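Worksheet for the structure shown next.
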Amino acid sequence: MTRRIGICTGGGDAPGLNAVIRAFVKYGGGRLGWDILGIEDCFNGLLDRPLRVRSLTPRDCQGLLQRGGTMLGTTNRGDPFALSTADGGRVDRSLDLKGGAEELGLEGIVVVGGDGTQAIGLRLMDELGIPVVGVPKTIDNDLSNTDLTFGFTSAVAVATEALDRLHTTAESHDRVLVLEVMGRDAGHIALHAGISGGADVILIPEIPYDPDRVAAKILARRAKGRPFSIVVVAEGALPKGAPTDPATRKQRIRQGRGAAAIVMAQLEGRIQAEMRACVLGHLQRGGSPAPFDRLLATRFGVGAVDLVVQERWGHLVCLRNGEIGSVAIRDAVAQKFVDPKGEFVRTAIATGVELGADLPL
Amino acid sequence: MTRRIGICTGGGDAPGLNAVIRAFVKYGGGRLGWDILGIEDCFNGLLDRPLRVRSLTPRDCQGLLQRGGTMLGTTNRGDPFALSTADGGRVDRSLDLKGGAEELGLEGIVVVGGDGTQAIGLRLMDELGIPVVGVPKTIDNDLSNTDLTFGFTSAVAVATEALDRLHTTAESHDRVLVLEVMGRDAGHIALHAGISGGADVILIPEIPYDPDRVAAKILARRAKGRPFSIVVVAEGALPKGAPTDPATRKQRIRQGRGAAAIVMAQLEGRIQAEMRACVLGHLQRGGSPAPFDRLLATRFGVGAVDLVVQERWGHLVCLRNGEIGSVAIRDAVAQKFVDPKGEFVRTAIATGVELGADLPL
Amino acid sequence: MTRRIGICTGGGDAPGLNAVIRAFVKYGGGRLGWDILGIEDCFNGLLDRPLRVRSLTPRDCQGLLQRGGTMLGTTNRGDPFALSTADGGRVDRSLDLKGGAEELGLEGIVVVGGDGTQAIGLRLMDELGIPVVGVPKTIDNDLSNTDLTFGFTSAVAVATEALDRLHTTAESHDRVLVLEVMGRDAGHIALHAGISGGADVILIPEIPYDPDRVAAKILARRAKGRPFSIVVVAEGALPKGAPTDPATRKQRIRQGRGAAAIVMAQLEGRIQAEMRACVLGHLQRGGSPAPFDRLLATRFGVGAVDLVVQERWGHLVCLRNGEIGSVAIRDAVAQKFVDPKGEFVRTAIATGVELGADLPL
Amino acid sequence: MTRRIGICTGGGDAPGLNAVIRAFVKYGGGRLGWDILGIEDCFNGLLDRPLRVRSLTPRDCQGLLQRGGTMLGTTNRGDPFALSTADGGRVDRSLDLKGGAEELGLEGIVVVGGDGTQAIGLRLMDELGIPVVGVPKTIDNDLSNTDLTFGFTSAVAVATEALDRLHTTAESHDRVLVLEVMGRDAGHIALHAGISGGADVILIPEIPYDPDRVAAKILARRAKGRPFSIVVVAEGALPKGAPTDPATRKQRIRQGRGAAAIVMAQLEGRIQAEMRACVLGHLQRGGSPAPFDRLLATRFGVGAVDLVVQERWGHLVCLRNGEIGSVAIRDAVAQKFVDPKGEFVRTAIATGVELGADLPL
């Protein structure tokens, strides 16, 4: 009997999602002859009636490799165990989902998504008996059980290109330019792009920063005849001593006080300088994936087929020491942070970058 | 006797400034054998003692064509007739400038800059007797006496690429994404990039917008199964009825209420949608110039040499019907606005773009 | 009664063809409510049975603006008056085409294509009574009745980017790098890209080159401590005295002796240097259109609708002094060449470029 | 006493060379206070009199990170033990080099280069007593003792972008497009770019190809309604049975019969199709390094400083399992080839790519 496998994408989109879908369909559908059903908007496609799923064949994947985003749509509001209702409440619709999967005769579902989505996937398996295979997705690259995730390289490329642009204009004007990049909890994007783009200051969530050090760096550059400075700041970076609880963070964001605005406010009292902020936001998620991300996503898609063939349900594809492998989803939740004593931070310091704290070289 | 000509760049930087300098130096210096002196930071290089000028030869221009920014630096605070002092006052230092120019034996100065800089150049000539030739520079393309200015095409390219990126992520998420681009008084960048990037809504200073129309467009798209929308807004665009005086504008900006934030606030009461803003800011000024801007800037630089050869002092290089010409600086001040009844607006409307007002097709 | 209009694309593809189709469909189909039929592979879609046409609505044009190529396909082998047969002969199938158009009830056809395609379009109208409107397409920009054609700016961008790349590697190695770009009869691409990309030598069909001058330029650069040189050569450029008849040209190409190879052969006896060629070929036609081309193509598509509305059959959309207009197809055939005494050539010379001939500045 | 260390770059250039120099100078010179001397054109700068070396400080490295190529120049003709003479002979000038190094008081030399250059470096150390530290450089990524080398990611990006471009034009025209990429001995670039760019056929030196399989793939695509195909071929790929000895290879190249031309000749007898070749050549070496290469090169430069500090002369920086380490140069010579049974080849096959041989999935 022909295998019938579903695939869905959840959480924020990342360049490479379409490449995962394409590889899964080309290998599983085209080569192995499975029925592949694409489920729309993460799990929501199985909750709605009529069901929102579509049969996917290699032909549907033409031109998909180069395209950012996800052809299946995605959402953060798709937890079938606690779905938001119109009146702001929550309702458990997981049985509807189970019904949908049974109606379609799905043998299992490939869940492409981040921590939250994988945790839901695990509950589908544990509580509803729906076999799942996971493919990790975090543009922030902050997942501990895989060397790299797709989308990260593309996001770093966008941020680095922005730094290249800012350099030319900063050099003409004697300004401090502050670039805010993604990274709520982990500073990988800021650190990679900051080094690649030749930033003078890099501020990340893992290293609460001392504004005096940042100001001193800018002044030292001026004293050496370099009157402009470029600061990269992760959206989750904060000065030392600032409250980091989620409620305060939310309030800050509501007030339009993002990380870049906070840095500039801290510097204003300390140095005289024209300052400008640039917040990349969703530009980092968009556009055609970098070649590396297309390749990694393709490898992940192939890896997902392999896990289904091997019936390693409950496992997540991962990259370890450059090779595709797998790990139990349940063991894969830990976040991966920038190590303040690690090689990347040390590389930054060695090449003259200020990280806002007194760190050993 | 060898001619000795100065060149300086003023106002906000624009991709192509270096290409103007290079062409002027290669032709005037390399081919015609003039002494070319680059004056740093607009007119400031002639005010400071020691003078901040440097001799420029073709060799100094290697690799310059591709580089954004300006090797000479630029500033908006360089009016020698009314220079800011440390205590916030103003002082007329134009005689120092005259002295500097005389000390160097400058026969004339090529002034590359926008309206403000050209007006100062004219005073140098009229009041101090320093001959000038002008090269227009406005990244906003809002100068009435030239078809196009360099930098504009590059800025449109940055904004269009941003729209391309936003499209992929918007399609995955059912969101309203608002992109704020340059254009305080004129909406050329927003209109060109908006059409080129396939925006659904384009809001420009010349057409005060009705938020109800914008909301209706977004809802109409949803009704047709397109749940995302992309809005491009020029930084100077405002809803109809909003006060447009400079003081109010400044206050708005101080409060972090840029054009994108205002649009989102207007929409919030009218539609239910996740909205995200992206403010490009200085990214639009940075980076390597687009090929067209390199070519136009090179033509302008060659044109400036021609004006000096012809001793058409007081004239500005310009592009008219695709050909390089010149116009008296004194006649060249009028701003060029988007014509709400013009072909570009009509093109937008014809292809389904909402401009926030009831305009005839 | 609903208008029913066909649209087809012919000749070599150019970035922006899809944007023309999209604008035509959005305006004519979406706004004015016409039935638009896309004809596949130029006129061939009307020759085959079953007919190869598809109804086009704005929905079919989603994501089309950014895409290079043409969704309708194109071909150079679509002359219905003289169609190639399997045995190498020719057959007139124009009556089949007429039959196809009548069967579909087409009121007229919008023909997007170059000289050859437009000439066929005119015969459709004159000999078969099928009304046509033309949209010009030549990536070489060599059409006399329009300031610019879409695709040209994109091709120049590809060639300029290639020059930027070659510069970095040439500077490291003391080499002569020869870049061959499109331009069989006209050198616009070579000239624009060569100036924009800072080439040292630009060779175009309109100016037969003297290899001694090219060699002298390279040696002069060496003498000044610049041991590398970059040569841009249009595919149709030839040394002076070389036979330019079509038969010889074809033979040359068959022997793999393109313009770059010929230049290198000419230089080999004259200078000692490592030389490398790079032939861009179809890279210049591919990829997402430059913003300017998307805009121009959109304006052309809107202009085509206007011509249909005005029933100006037999006319071609064009750009004149920056504005969209039209011209009778029958008057639009003349090719536009680079003027050896024109401003662009003069700009090149003034900035130190060698064009291979003794030209006045 | 201040340390004085030389640095030079040898072999073909690769994007990232400047980033290595910059990091080495910023850390060794700026932070640790060493005298850094840049040696021009690999070892040649130490052979010529006057010596061609320049003192390098962090100020000299401004803007260097983004720049492709190498500021120090490079050459393949710099073996001081067997230097080419004007009359085609060879001369050992290693003692001159030793004299140069002694005159400058160099404590050691950091040699950035490929196999050949490293082998020479080792002889400097073994035979002349000049301590060296190596930094690996091969754009082909074919070095066995490091996971990755800088430049490779940039080259793959150029090739992938070319494939993206070719896709749009191929789809419009029903053609076979053949892209020839670098890779004389190893097919890493072709394989990575081919998968990332969605090639239909990938031909690499490690897998001699059967032209019948390639033709069959193209025909199979046609039968499925996909009348175009994209073939990526590494410059060293050959049909099975073809002589692979160096003399034959050289002769082929002299006759302009590169890998792409050979593929097309093989296909011509087997299928009816318009075919076009595109040979990227030096475009793959040029341009600004990809962010990943800038980061890796920076890490290598920092690693080189560490090796000097630790006086691990005779060692080469490398990347192992994502971390910077080192290996004795003498052990680092083995080339790394694509494993026909490895994961990358398998990924290609699984997603439908034809590799020209009967390989197991």
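Here are some notes:
By written order: A, B, C and D. Residues from 1 in each chain.
By definition in this document, contacts are C-beta pairs under 8 Å (C-beta built on N, C-alpha and C of every residue); 3 or more make two chains touch, one makes a residue touch a chain.
Every value quoted in this text rests on a predicted model; they were computed, and no experiment measured them.
Hopping across touching chains, the smallest step count from subunit B to subunit D is 2.
The geometric centre of subunit B is 31 Å away from that of subunit C, both derived from CA atoms. Averaged C-alpha coordinates give centres for subunit A and subunit B that are 35 Å from one another. Along subunit A, residues 164, 167, 288 each make contact with two or more other chains. If the chains shown are joined wherever they touch, the resulting network closes on itself as one ring, and no chain has more or fewer than two partners. Looking at the complex, you find that subunit B touches subunit A at residues 9, 12-13, 15, 17, 67-70, 73-75, 158, 161-162, 164-174, 177, 256, 261, 276-283, 285-288. Only residues 22-23, 26-27, 30-31, 58-59, 62-63, 65-66, 147, 153, 156-157, 160, 164, 167, 192-193, 195-198, 224, 226, 288, 290-292, 294-295, 298-299, 301-302, 305, 321-324, 343, 346-347, 350-352, 361 of subunit B touch subunit C when the two sit together in their complex.
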